[in-house]
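Both complexes shown next keep chain A, but they swap its partner, so chain B is in the first and chain C is in the second.
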Partner chain A sequence: MNDILAYSRWCLGVVILILAWEITGNRGWLGSTWPPLSSIFDYLNSRPNLELLVRNAGVTGVNAVLGLLFGTLIGALLAILGFLIPRLYPGLSTFATFVNALPLIALGPLLIITVGEGATPVAIATLSVFFSFFVAAISGINQTTAIQRDVTIVFGASRWKKLRFVQLPAAVPRLFDGLKLGASAAVLGAILGEWFGSGSGLGVILVSAMQNFQIELLWSAALFGTLLTITGFVCISLIRIAFFRRYL
Partner chain B sequence: MMRVWLVGAIVRYWTILILLVFWQVLVTVNDYNSIVAPSPIQVGTAFLSDPEYFMSHAWYTLSSALGGLILGIAMGTIVASLSWATPLFNGLLMPMSLFFRSIPIVAMIPIIVRLVGYGSHSVIMITAILTFFPCYLLFLSGLEDVNSTRKDFFSSLNCQPKGFKMLTFFRYLALPSAMPNLLVSVRLLAPICILVALVTEFLMGLQGLGYVMTSARSTLRMDVSWAAAIISCLLSVGFFLVASAVEQKYRSRWSD
Partner chain C sequence: MAEFQKETLGSPLDGSPPTSVMQPFIEIDGVSKRFHLSRSDYVDALVDISFEIYRNEFVALVGPSGCGKSTLLRMIAGLDEPSDGVIKVGDDHPRELIAKQRVGMAMQEHGLMPWLDAVGNVSLPFRLAGLPIDPERVEELLELVKLSKFSNARPSQLSGGMKQRLSIARALVLQPDLLILDEPFGALDAVTRRMMNQELQRIWSRKPTTTVLVTHSLEEAVFLSDRILMMSPNPGTVISEYPVPLPRPRTLETSREKDFLSLVESVTARLDEICATELLS
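Right, the complex of A and B next:
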């Protein structure tokens, strides 16, 4: 009964959100920059507009996926390094905190020179994924219970064997949490990176539509960015379900 | 004593030292012109040649980020308390906050810039809007996550989270349990609010470090642009460290 009540409140919330959006847009209460929801779908209904957005969302998607891949790899490598050589760990964790606190936009001028304009979106996406994955990997590796650790000591396992057979499997659930956070960070990083003189991508559309007052295009680009993030979330959740049959 | 301190610093900061050395070596070896890539020394001199210019812009960025953060957190806690008190309000707000959680919101700043308009108030407004949602969600989850033993104890004293005893329950049970989450949200949002302020300044190009980064780039003063970038990194890292220290200090007061 309580569930039904909560659920109906939730649905009411969704309906009110959409209605409020539509009415505000139609009446123009927030100025011409807040279009009614229906006009965005009208805009997307024409073929060239849709093609433009799909093409650029594809570019951003590829950038984000590459960033997610590299960020995950670097994060995992550094976490393993920090585990195998404990002396390096404090420096690595300071570095990770530092990277996390860096405003990504400030890295733009530096990255354009060092990796080039084309690779800047991937680089920024990589950096923003790196932190969440590194933290998830470190906390996952330390997830083992005292009994598990005692067993490895009794059997005289080396650090590497301990990592391979006990700690990595134990870290898997945490790693997926890190990936989930990373998915939205990667899309955000790719879009921010595209603001720095990239040729195509959702970031380019967002900025040019903002400057040229193409309101419908602006909102559609935002919609596609959201769709990209949600797709990433869903994909990772599916992989997680497939994986958990083995590790749970 | 000095040596111990030095070793400690190297163990902690070796990665950053390596980065700095690598940067200087890269520039020296490739013999880059300062228009392509300035060396750390050139960036340092660019800053020292006109520190007041950088400081005034840094102050602008920091003050608008802080103002926005305070506004956002105030709104977040108030709205979270209201929706804790009224389930209907909570149900209505939940879909909206879920929606906001799933979008890469910093990338949506171009839209918000258009909505709130160009001007000196925009940076504060945008920072407030973007810090509101994470704070709201965290604070609300803290309010609802009351220790069940204490809840039972309170209900045995006839104090429940509804009716006219609601305020007492809120004051002595829900609020203390949400305080650690408030501290966490300040720590999480500290670098984000600087990022948001920089992005907004970058897009609007009126004032602040974000503006210095773009305007210096368009006049090929790469050393100035990188100096602004590095100052904003330091600002953000510093703010994050302060927020973490505050969290560490007051955390034990509220958590069990």
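Right, the complex of A and C next:
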């Protein structure tokens, strides 16, 4: 019953948001650059327009997924390394913080000339994902209680066995939180990377629509970016639910 | 080592004791523990403690809070190092015994893994030791602690007493040479606690294992152990020793008998005395 109530509240919120957007655009309260939602849907109603956006959203989606994958892997590897070799941890942590502190926008041109235009979106997506996953993994690995750790030591576990059978399973909820954060960061990173002069992707559309004052296209691209993030979020939530049903 | 053997061979119990009981297993020699609070400030938690625990003997460490009994237990378990002195368990450093996976431990907080069911938790020591899981042994242990029906239950689905029984099953599954118990029933209500003591006594009597128990309950200490070591604080040291000559198996009836009650009474009187001096000083 509570679920239904929460769900209907959620729907009501979405409806209010859509209505507010529509009315604001229709009345022109925020100027000509804020179109009503219906005109964006009108724009998308034409097959070539829709195809253009779907194709480029697909490119961004692939970039984001690759970035999420690489970023997660790197973050996880660094966290595991930091756990297995405790001496390395302070250095790794400083390194990760340092990389995260670099403004990605400054890294863009650097990446273009090093890894090339094609790989820049994936590289930036990777960089934006790895830190949040690294932090989530480190905090997850340390989720066990002192007693659980003592018991593990007394049973004579090696560091690896400790990680494999105690610390990693204990980290799972945090890892999924890290993935969720990573999903939105990956889309953002991919778009930013495409912005710097990739051949295709939502980032490219955003830049060209902005420069050519194609308001509907600009908003459509933003909408598709949002849809990508939501899709990623929903996918990870579903995997999480399936995982917890199966193992927890 | 030679000297050590001479001493024990010369003990008056040379006649026909249960040989398993009389072999020294844990040797604690001049052990001290100093905790540094700051650069110049420190506290001596334990000072110059020496005693022996025999193979398959059940020893209870009792004493007022802060007398360092848990610290001593942690050092015997290999979780902490003495600042001075030597602890040997079966001729090894405690950490070597850990590395051989010969130690079992159950604490006041059960420390069970919430993502594993009862079978998974009892199998965990096999996994951590890198040994193949012996499902029959796991089954046997669950039966021993009367949790066979709950083999697929997770810790969150079990009562406090069940969780403690499960953590004892986990401690025993690899047939340890040394069992470490730190207030294993401390969080349970009085009635459950008496039941658990009876259960632990039954389980232990089936296969006696060298056991060191830390407890606040003197009834529990008398009921379970072969010998009680009483400690006093500031600085922590062993002050008296009480053999517990009550025959096994002990039952709830035992705990109402005169011998039992008078021993509890004299141990309690000693503890009260220590606490009183402590308060006056």
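Definition applied: the second predicted complex is superposed on the first by the 229 of 248 C-alpha atoms of A that agree within 3 Å, B and C clash if a C-alpha of one lies under 4 Å from a C-alpha of the other, contacts with A are read in each partner's own complex, and residues count from 1 in each chain.
What we mean here is this: contacts are C-beta pairs under 8 Å (C-beta built on N, C-alpha and C of every residue); 3 or more make two chains touch, one makes a residue touch a chain.
Note that this is a predicted model, so its numbers are computed, not measured.
After superposition on the shared chain, chain A has more residues touched by B, the comparison being chain B against chain C.
Using the contact criterion defined above for the overlaid structures, shared-chain residue A:K161 touches chain C, although it does not reach chain B.
Of the two partner chains, chain B is the only one that A:P109 touches; chain C does not reach it. After overlaying the two complexes on the shared chain, residue contacts for A:T152 are found with chain C alone; chain B is out of touch.
When the shared chain is aligned, chain C comes close enough to touch A:P169, but chain B does not. In the superposed model, A:W10 lies in contact with chain B only, and not with chain C.
Once the two complexes are laid over each other on the shared chain, residue contacts for A:I124 go to neither chain B nor chain C.
Of all residues in chain A, those touching chain C in their complex are 145, 147-148, 150-158, 161-162, 165-166, 169-170, 172, 247-248.
Chain B contributes residues 11-16, 36-37, 87-88, 90-96, 99, 102-104, 106-108, 110-111, 113-115, 190-191, 194-195, 198-199, 202-203, 209-210, 213, 217, 222, 225-226, 228-230, 232-233, 236-237, 239-241 to its touches with chain A in the complex. Of all residues in chain A, only 6, 9-10, 12-14, 16-17, 30-31, 33-34, 87-88, 90-92, 94-95, 97-98, 100-110, 113-114, 184, 187-188, 191-192, 195, 202-203, 206-207, 209-210, 213, 215, 218-219, 222, 225-226, 229-230, 233 touch chain B in the complex they form. On the side of chain C, the complex with chain A involves touching residues 77-79, 98-105, 107, 109-111, 113, 115-116, 124-125, 127-130, 170, 174, 180.
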